[in-house]
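Here it is: the structure, laid out below.
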Amino acid sequence: MTALTARAPSRFLPVIATFVVFVATFGVGSLRYEGFATGQVVANLFIDNAFLIVLAVGMTFVILTGGIDLSVGSVVALSTMIAAAALRAGWPAWLVVPAVLATGSALGLLMGVVIHRFQVQPFIVTLAGMFLARGLCFVISVESVSIKDPTFRALATGTLELPGGVTITHTVVIALVAVAVAAYVLHLTRFGRTVYAVGGSESSARLMGLRTGRVKVGVYVISGFCSALAGLLFSLYMLSGYGLHAVGMELDAIAAVVVGGSLLSGGVGFVVGSVAGVLVLGTIQTLISFQGTLSSWWTKIVIGVLLLAFIVLQRLIVRRS
Amino acid sequence: MTEPVVDIRGISVEFPGVKALQEVDFRLFPGEVHALMGENGAGKSTLIKALTGVHRPVAGEVLLGGERVAFAGPAQAQDAGISTVYQEVALCANLTVAENILLGREPRRFGAINGRAMRARAAELLARIGLRVDPRSTLASHPIAIRQLVAIARAVAIDARVLVLDEPTSSLDADEVAELFRIVRVLRDEGVAVLFVSHFLDQVYEIADRMTVLRNGRVVGEWTTAELGRLELVQAMLGRELGVLDELEHRPDKGRAGEPLLVAEQLGRKGAIAPFDLTIRRGEVVGLAGLLGSGRTELARLLYGADKADTGRVLVDGEPLKLRGPRAAIEAGIAFSSEDRKGEGLVADLSVRDNLILAMQAARGWARPVPRKQADELVAKYLKMLDIRPADPDALAGNLSGGNQQKLLLARWLVTRPRLLVLDEPTRGIDVGAKAQIQKLVAELAADGMAVLFISAELEEVVRVSDRVVVLRDRRVVAELSGVDLGVDDVVELIAATPGAEPEKVAS
Amino acid sequence: GSSGGQSGGSADDGKITMGFAQVGAESGWRTANTKSIQEAAAAAGIDLKFSDAQQKQENQIKAIRSYIQQKVDVIAFSPVVETGWDTVLLEAKRANIPVILTDRSIDSDDTSLYKTFLGSDFVEEGRKAGDWLVANTQGETNVVELQGTTGAAPAIDRKKGFEEKIAARPDIKIVATQTGDFTRSGGKQVMEAFLKSTPDIDVVYAHNDDMGLGAIEAIKAAGKVPGQDIRIITVDAVKDGMQALANGEINFIVECNPLLGGQLMDLAKKIVAGEEVPPRVVTEETTFTSEQAKAALPERKY
Amino acid sequence: MSRRLLWPVLALVALLLVNVFVTPSFLSLRMQDGHLFGSLVDILRNGAPTLLIALGMTLVIATRGIDLSVGAVAAIAGAVTCTHIAAGGDPFSGMAIALALCALMGLWNGFLVSVVGVQPIIATLVLMTAGRGIAMLITEGQIITVDNPAYRQIGAGFLVLPIAILISVAALVGVALVTRRTALGLLIESVGVNPEASRLAGVRSRTIIWTVYVFVALCSGVAGLMISSNVSAADANNAGLWIEMDAILAVVIGGTSLAGGRYSLTGTLLGALIIQTLTTTVYTIGVPPEVTLVFKAVVVLAVCLLQAPALSRALAPRRKVVLP
């Protein structure tokens, strides 16, 4: 580990630290609980958190520019609702998917334009977006709507067999593709590099002649798109649409991104870091459920303590090298 | 002569309460280096920003190649062929050197950025201006001077019709300046129009073909360099004559130092500066000389406790001082003005008044505020003494012109009446008049018994104000020169004594 | 300490292992529900694995998955919402683990996904409240409704049942309805606003006791007498509510019984033993008037 | 009043006018049992906890921080006091214990942020999650109802005006005086605008950051007491739920930037009042619960758009445009 951290450039340190801590926790878990260190438990981390991974990917873009998007949880809910309602109304799946993605992106575009054009703080705009999206869910239906569409059902229940008898779902594949695409965009396109530049110093980026406006709006569109995609994955996971889905999920996504080593002030962070962050949060959940005896309040306390242990360990690793 | 490539006609720019430019005319011809001259706050940077679409003028028009343009932002100006280095180095410290140079025009292959080609291209551009740093290193790890060079590398990387350089040389050493001028001449001969701003008259006379002088936001006049002598130029800029410089040459008490105030014994920090010994006496001005990256800033930061030393100790008045951080240094009477005024100096969103009393207030603690009356008196005194403009205590510090910001920083430390004042590039971006003023001030402070550690990229200045010059090379103290006959040539000789002092050492 | 022995399974010691995925601990009612299940499991000698989903369906699904992995003998859970359980229950079915629903049902065409559903009927609760009002009021009656959390199943159903019953009486009108999020402070704030914006409120119908209790505070602060000037109907019958009912500040409470631990354990034993169980078991629930509350109060457990 | 606060004031007035339009008696006040009674009084009383927390949050945000744990801390304060009273304790000692505990929570947050160097949002997320668990641990998941007239005062009591709002306004005035009469405000802003420059100028940033986190925790504690005293019960699970969002929103509507630096306490006051008025408006004008959130979204967006520099520039009589 020391050798690893010693060689890697310092900006990868937080990400590496997150992975190290993640692996270490997993080790502790497998010592403590029988059946913890199986491939399927790892696979389940991905299956159960596919939507969160996608959400964190979108959030990474926004946070890299120094912004924040509080609307993602609600947009997930709205997406499940639109999907469920449209399918119930008889729309075919191939039409529902683009419609949902378009809605999410459009909401993102709207927020991005307000943030950029009118120079309103992202916090308020996306908070309003959060209210709006969740409100629209209830306008569509107060009750939860289940998804009976055969295509969705097949996608949701279908599994892929990996070597070693481990199975994963299609959603995992979609999430990983999203991660790969995001990493590509961030590191190998001008748009992506400009995202980092805007986060480093927006005024400098502007003076350098970069199209900062396009990027500032763009990241919210990406985040909106990712939220909608996450919403679709979530609707596969739940096979229902519901206005109270994904309450507070924006905090999970932000936490995952920040735990993964991104700075909220912008300019520093990696998508893989965010994935590691999601895995960390997922592992905490898994540990809790393997423990299996915690009362409601101890559950919360233990989540807090584990989160604390993670970030303190991560800080220590980053500081030491 | 041919048609001007840039023709600014009657342009006016206003900020709340400030008329920064009033009906300014300015012409820039292809194949010339045109110096824009003026005091701090005269409006040079504002004119450049108006030209490149950062500020929108309230009146007047800008013609580029004969056509009227109104850029909505720097991006459009860049597309139209205006490449600019702004005064406050506008780069992204979180990105690598290569990225900073090529951001927005990265070499691509199959639509994806080609990292290897980008680094190679960046290395090439860096080599062109004689800077050998690792293109993969993050910009944040480099001092201001290197950043300035990177910004220049970025600006000259594109085929522009117009190259605008706003004080590009303020933290550069003679070698780097020579390198830059070499490139500027090549570009000029290729027909590029170069707009150059500098407070170094030598440089202006060396490179510029023509000059336009601004004063208080108005054009004083346009001359060819040959027409206008230095004295007339200074007079045009200041609107008065300058006499302080001569006085300074005859500082009567030079070399008359008192008791040792601060003694550093084998103080050092790995990777920053090798262990060194240094004694600074009361009433003495010690200059630090060295090339870019030789470790001057590092040394100063150690003395102030801004960075923690690995080895050695510091004695103040013969007593060991535990330098746990800046506060410990301040309590011992040490003050430090950083070379990075934007990042480490100014609190941009606070007013001039707040910035000025910040250090004093911090020393008193939050519970004992500096009385309003005293603050006002101090502010009034120092605004006048250093001629900070606009002399408005409530103006935001971030809105001051570069040179005025620098003066404000200096004032912040002067009000605390330190015993040892560490000044890292205190005259960066300061106009001739003010520079002489500051040098004189330093001499006066020393005469009053204050010890000063003076760092400047301008060797003449160091030699002029210092009683003693400590020479650094390769992050190591290599020599100390003192005596009345201290001359620039001796120092230059020492700095350049071995090939080890080449700039490539900066990038190890 | 619970290291080792997590694999569960009945094979080794004959002890039944039950995985229970609770919604959360969002209310006193829920806590009583949890407690009842834990105590009943201990009494019945059933090894209980308990997890708290923090009100999130996805956490419940994860918990059920992990129970499947740990190969428990029977899984029970209170669904956060009615929809979206098919996938995970299918996995349980494939793993041959029987499932019992408690508290509320799920919306699925495939009834083979679970063995039985034990719990109350929220619509029925709303109907009981409506019945009482219809029977106990004459003439123009203005009702204000304090809804539960928007979208929550009990809120929707209790509203539905209540409206169903009062529909027959055109003189009973719901003049204002607003969500109080099932909390006391929510109930109080909404009631304060109603008292100022809506003249002549005769009856408050609150979807749970807590909001009713909040409304009482607001009514008192407005200088009116709860239970007389404005009559109050609530659902749940938690201790504080019963106390208020006994004091005459609430007029009628429909019980929603959280103490279904005993019944659940019996069902679990039967199912694991392979016996037939009815697909729907309704918990024993009643309604309380003030007099009944006074009588019942000393024995109330929660 | 500065121009920047003009729009929030107008937004508040507009909201009140909507209410008056729908319920003509909205603004009417009458004396009842020696205290004022009316919708405006309700708005003030119900807004008091948010205002108090937003006040502390303003200072935290000014140092570039954020505190997500305020809701949990509020829940703990209520839980501790009510449990104490329910066990036969005296309300004042109960409140003292609760506030001491809150100060400890603040110290903890401040420690994580300023000493360990964890990003504030994550550092306080720990306590946001664990704190609610602690509150529930204290109450064992039950709603603890207390019947103590002395304790009722802080949240529901009146001295002509609600005591809660008197406390919050007193705190606001106190903070305004302390930060502006002493140098605390200046130092807080300087740490928020440029931490490194402040450090080099000798500002004790660690102490300052620590102070604001302890202060916001104390504010949350008192707010928690108000919330629980208002209904005479401690609801560990729901007390102060999402109040951190309201508080941050109040601060941001008030014109303080989340990037730290300059702050406006008057702005925060207006922000808190707007939020509470909005909630009350929803109840009063009878917005159906299904569209409540949409309504709130529209109002919030309208308020911040009106406030936006870009828009007010466009609306203002033609002035020059200055890009930053």
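By letter and in written order, the chains are A, B, C and D; residue numbering begins at 1 in each of them.
Following the convention adopted for this analysis, contacts are C-beta pairs under 8 Å (C-beta built on N, C-alpha and C of every residue); 3 or more make two chains touch, one makes a residue touch a chain.
Keep in mind it's a predicted model, so treat the numbers as computed, not measured.
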Per Cα centroids, the chain farthest from chain B: C
Chain pair, A-D or B-D, that carries the greater number of C-beta contacts: A-D
Geometric centre distance via CA averages, chain D-chain A, whole Å: 29
Centroid spacing, where centroids are CA-atom means, of chain B and chain C in whole angstrom: 71
Distance from chain D to chain B - Cα centre to Cα centre, in angstrom: 44
Mean-CA-position distance for chain C and chain A (Å): 33
Residues of chain D engaged with two or more neighbouring chains: 136, 140-141, 289-290, 292
Multi-chain contact residues (two or more partners), chain C: 24-25, 31, 34, 150
Interface hub residues of chain A, defined as touching at least two other chains: 138, 142, 203, 295-297, 299-300
Chains that touch, pairwise: A-B, A-C, A-D, B-D, C-D
In the complex, chain B residues that touch chain A: 54, 73-75, 77-79, 84, 86, 90-95, 99, 103-104, 106, 108, 111-113, 136, 138, 154
Partner chain B, residues of chain D touching it in the complex: 181-184, 186-187, 189-190, 193-194, 196-204, 208, 261-262, 320-323
In the complex, chain D residues that touch chain A: 64, 68, 112, 116-119, 121-123, 125-137, 140-141, 236, 245, 248-249, 252-253, 257-259, 289-298, 300-301, 304-305, 307-311, 324
Parts of chain A lying in touch with chain B, wherever the complex brings them together: 9, 11, 184, 187-190, 193-194, 196-197, 199-201, 203-211, 267-268
Sites on chain D touched by chain C in the complex: 22-23, 25-26, 32-33, 37-39, 42, 46, 136, 140-143, 145, 156, 227, 230-233, 235, 237-239, 279-280, 282-286, 288-290, 292
